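Below you will find the structure I want to go over with you.
Letters are used for the chains, namely A, B, C and D, taken in the order the chains are written, and counting of residues starts over at 1 for each.
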Amino acid sequence: MADVVLSQAQYGKAEVRVLYVDRGAQQHEITDLNVSIALAGGLTDTYLTGDNAGVLTTDAQKNTVYAFARKFGVRPVEEFGLRLASHFAGIEPVERAQVRIEQYGWRRIDVDGTPHEHSFERQAGTRVASVIAHADGGSEVVAGVTGLVLLKSSGSEFRGFLVEEFTTLEPTEDRILATAVRAHWRYANQDTDWDASFRGARTALAEAFAATHSRSLQQTLYAMGEAVLAARPEACEVRLSLPNKHHFLVDLAPFGLDNPGAVFFAADRPYGLIEGAVQRAGVPGGDPEHQW
Amino acid sequence: MADVVLSQAQYGKAEVRVLYVDRGAQQHEITDLNVSIALAGGLTDTYLTGDNAGVLTTDAQKNTVYAFARKFGVRPVEEFGLRLASHFAGIEPVERAQVRIEQYGWRRIDVDGTPHEHSFERQAGTRVASVIAHADGGSEVVAGVTGLVLLKSSGSEFRGFLVEEFTTLEPTEDRILATAVRAHWRYANQDTDWDASFRGARTALAEAFAATHSRSLQQTLYAMGEAVLAARPEACEVRLSLPNKHHFLVDLAPFGLDNPGAVFFAADRPYGLIEGAVQRAGVPGGDPEHQW
Amino acid sequence: MADVVLSQAQYGKAEVRVLYVDRGAQQHEITDLNVSIALAGGLTDTYLTGDNAGVLTTDAQKNTVYAFARKFGVRPVEEFGLRLASHFAGIEPVERAQVRIEQYGWRRIDVDGTPHEHSFERQAGTRVASVIAHADGGSEVVAGVTGLVLLKSSGSEFRGFLVEEFTTLEPTEDRILATAVRAHWRYANQDTDWDASFRGARTALAEAFAATHSRSLQQTLYAMGEAVLAARPEACEVRLSLPNKHHFLVDLAPFGLDNPGAVFFAADRPYGLIEGAVQRAGVPGGDPEHQW
Amino acid sequence: MADVVLSQAQYGKAEVRVLYVDRGAQQHEITDLNVSIALAGGLTDTYLTGDNAGVLTTDAQKNTVYAFARKFGVRPVEEFGLRLASHFAGIEPVERAQVRIEQYGWRRIDVDGTPHEHSFERQAGTRVASVIAHADGGSEVVAGVTGLVLLKSSGSEFRGFLVEEFTTLEPTEDRILATAVRAHWRYANQDTDWDASFRGARTALAEAFAATHSRSLQQTLYAMGEAVLAARPEACEVRLSLPNKHHFLVDLAPFGLDNPGAVFFAADRPYGLIEGAVQRAGVPGGDPEHQW
């Protein structure tokens, strides 16, 4: 079997769950994270012979996450990711390190109308960051959001599509449009207020979804990507994956009832899946080894 | 096998997904539901011989959900549940009908600071209702909430517990307390503003969790149940199931670091599970056939 | 709030994951378990005042599972459950203890046709056991199976059902019948070969599903329960919960194609849910506090 | 916003669930599939202006799956995928089409020792195929397996690894090794017995896992990939993603017990994640637009 080679390899600890509590003077802040690491470089011996001399154990990677959280704090997550990825990329023989972070949202519980100082309620939607760093010092930062479920009950049509042998769908001028947004955007540089960037991009996504009169989810996707780039000059590319969560008007005629857009069946599967990337013209492509 | 009998039986359609759109003059309201039905009564022949003369098909049950949504609307869900359950219980040979409804939360998307008239974003936490109706006209209503994830980063201790052979846990005066609330409450009567009751009970649960200095999750559970009964006189019994979502302080001593309540590991399994029911003294027990 | 009482209470550690390796002379045996515990009794002070003197920590419960695994082994799971439940029920002030165990199936990997001595592959379907023990020494054992997904592509009809206003389903003489079996059976006594009982009951369930010409899933459920009682005299009651996993014949007429029972759409939701209990006539009811 | 461009785009119907029944003379064969489609090409207008003239509706894609199942059958899935992908790639303006298929395993239920002719039980592990086809006629086929959960209770060590500041893991000469295999392999040509290839590759994966004395999961991964290439000359590249499902030896010393490799805690998160690709030297790279 001398003709077989290792053509790709990476390894790391996935889903390190961290809750970080900042016990400020007035009130606590909590940050709830899920951190995943992937390292590449110098792995041929490990994979081929079982010589582990170049393996940073995934256990040590996990320890590093916790120790760095204590030493440096964890906010904003883009910065925490950069710190971790750069650290790992600096350990011989690692050539590149990717760190992905999910941050779960929490808001304070109101007690008699006042936000409580150390009690919180989980919110929907997850902020994400992905950072890649190389041994030579280069790095790239991507941020994003997942699990942002949006729906509009009007302002969505779908017609004028290609009709062939297997096309039975009727065109419609008013349908439900619903999706679970999975969006990531790449930063052109790292001299950014990460939190402001994230908030601005997230707002742009939701507002564009709401404000765009949709002729297809494809068109809405593009509008959402364009809105992020318009709102945040530091972002240079947006990638979106949008399931089309179908809602079908129920036929109530057998029961002598009309159904003027009132009662819908929310289907699980199959679903449409619309994907696309929007970027500024002329911007160089991103790091080809960065998986986001 | 003459000595074998059918001792329990019920059947129905589960998880009928309904999106209801109310196209009001100013703006749309949406209601997003998952409806499950279980019917009992007159089933012996069906189970023993395959004679289906007394079987209301689960397909017809589904149709009824959609038709009733159109005819009567779906809000509040307690009322929709009562209407459905009473209808099914009135069909010979059904003796009792249970209808469970999950209502998923949505809020309007803000566009330039203004809530959009027909665009929405999904929220965490699910409102539930369970109604049982009998052929003789009796009925019972239960409401509840699931998926309400709460955490307090202080104000929780756990000490003074029983110590025996297998007890190695150290007592603590300050720990993270986190749970995913599953709470249901039974109404003493049906002459209630269902929406106000639900909002009041949900607020009472979250506020009691936040405001109670916790000596155990058991004690917090009781305080939460008591708070619902104090806030809503129409509720007479509260049942709670609270997983103790453990967060363990990470030992950073091997790295020369202290950890004064800053960095925690959020564990998945195992978890504590604390359950209990709180009710007004002297209140009659609920319907023994109502599964909630 | 003097008029409020605690009417139910139990607590325990849930989902303690155990892998037990028996390093026999010839080959290893592995047992892969998920153990959940619920204790009741003497809890009023804990819930009402936060006095934890009567609380066996859920951490100690977890420790006990691991220590007992080492001391006594874990097979068969009914016996392991009895040992644990009896132990917990003997700790003052516990009045009753319930232990539920899931056992995941594994089979040996064949290497060149020979079963490997310490390498295994996971199988579908889960064996379960639930044991309740009381401080006075009484106990009850239930066994079961979950996640057993069955399908028959013929031998299933559904007709002769009730027809009313909302019934549009057409009767059929040949449909797909598919379900994910959730079955539990109660033992009349504990003087049993637990493994033989489990295997016999599981076989009876699958064979009855296959061999019964089905006039409804209700009828199939009863046949499955009856088959367990016929095969295993030590079992006295069987409870079944069977989702009807609908498979709809696809209408291919728009494409000029017939569809003689060849191509089906496997739907997710909604689904029928058929439940029932079958027991030997004259057998006393089971422990009302045993939740299975 | 004239400086913004669409840099990637594809869309399709995901998770079309098909059950295909072959009603042979002697007995039924069932094939249970989940089919996902992604089309690219000619999409700029659709995304930018909402002109849908070039959009093959995802509904028509779903219809095509069902119609092709009826016309051509669905086995083997690689062939069904090729047929579908080539069809879609031939529809103007589609430039490339990717079709992914999951095939769920079923085996016959034995009744009195005889395999039943039309009754089946679901098995663990999923066979997958992914096919890409281009408008110019080119295509590529990948097959794989997911959800194949393997464990060895001996024959696995991990030592000699890099030790730095955050490394606290102790080397071990005997540990549990467990993973859930996600493996895909690319075919060098399409003149293959797809079913024999799949079976051979799957067997090679499991046997290599079992038979390799593991010095790391990385080394085991390489051995598994190498084994597929050795067993199946038609395969030219194997990609593997192997979570390291940690099992930790429980410390029973506090209870006066030793634990000689008997009792383990099966952890959920975090987990190691080991990835790699193994290919024949000199083989040209695969289709860069094929996502597998």
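Quick note on the criterion: contacts are C-beta pairs under 8 Å (C-beta built on N, C-alpha and C of every residue); 3 or more make two chains touch, one makes a residue touch a chain.
Please read these numbers as outputs of a predicted model, since none were measured by experiment.
Ranking C-D and B-C by contacting C-beta pairs places B-C first. Comparing the centres of all chains, each the average of its CA atoms, the largest separation from chain B belongs to D. Our note on geometry: chain B versus chain D, Cα centroid distance of 38 Å, whole angstroms. Averaged Cα coordinates give chain C a centre that lies 30 Å from the centre of chain D. Work out the mean CA point of chain B and of chain C, and you get 23 Å between them.
The multi-chain contact residues of chain D, meaning those touching 2 or more other chains, are 17, 63, 67, 166, 168, 254-255, 268-269. Across the complex, chain B is touched by residues 1, 3-17, 36, 38, 43, 46-64, 67, 91, 158-162, 164, 166-169, 214-216, 218-219, 221-222, 225-226, 229-230, 237, 239, 243-244, 269-282 of chain C.
Contacts from chain D toward chain C in the complex involve residues 17-23, 28, 30, 32, 63, 66-67, 69-71, 106, 109-112, 116, 118-124, 148-155, 176, 206-207, 209-211, 247, 250, 252, 254-255, 257-268. By the touch criterion stated above, chain B contacts chain D in their complex at residues 165-166, 168, 254-255, 268-269.
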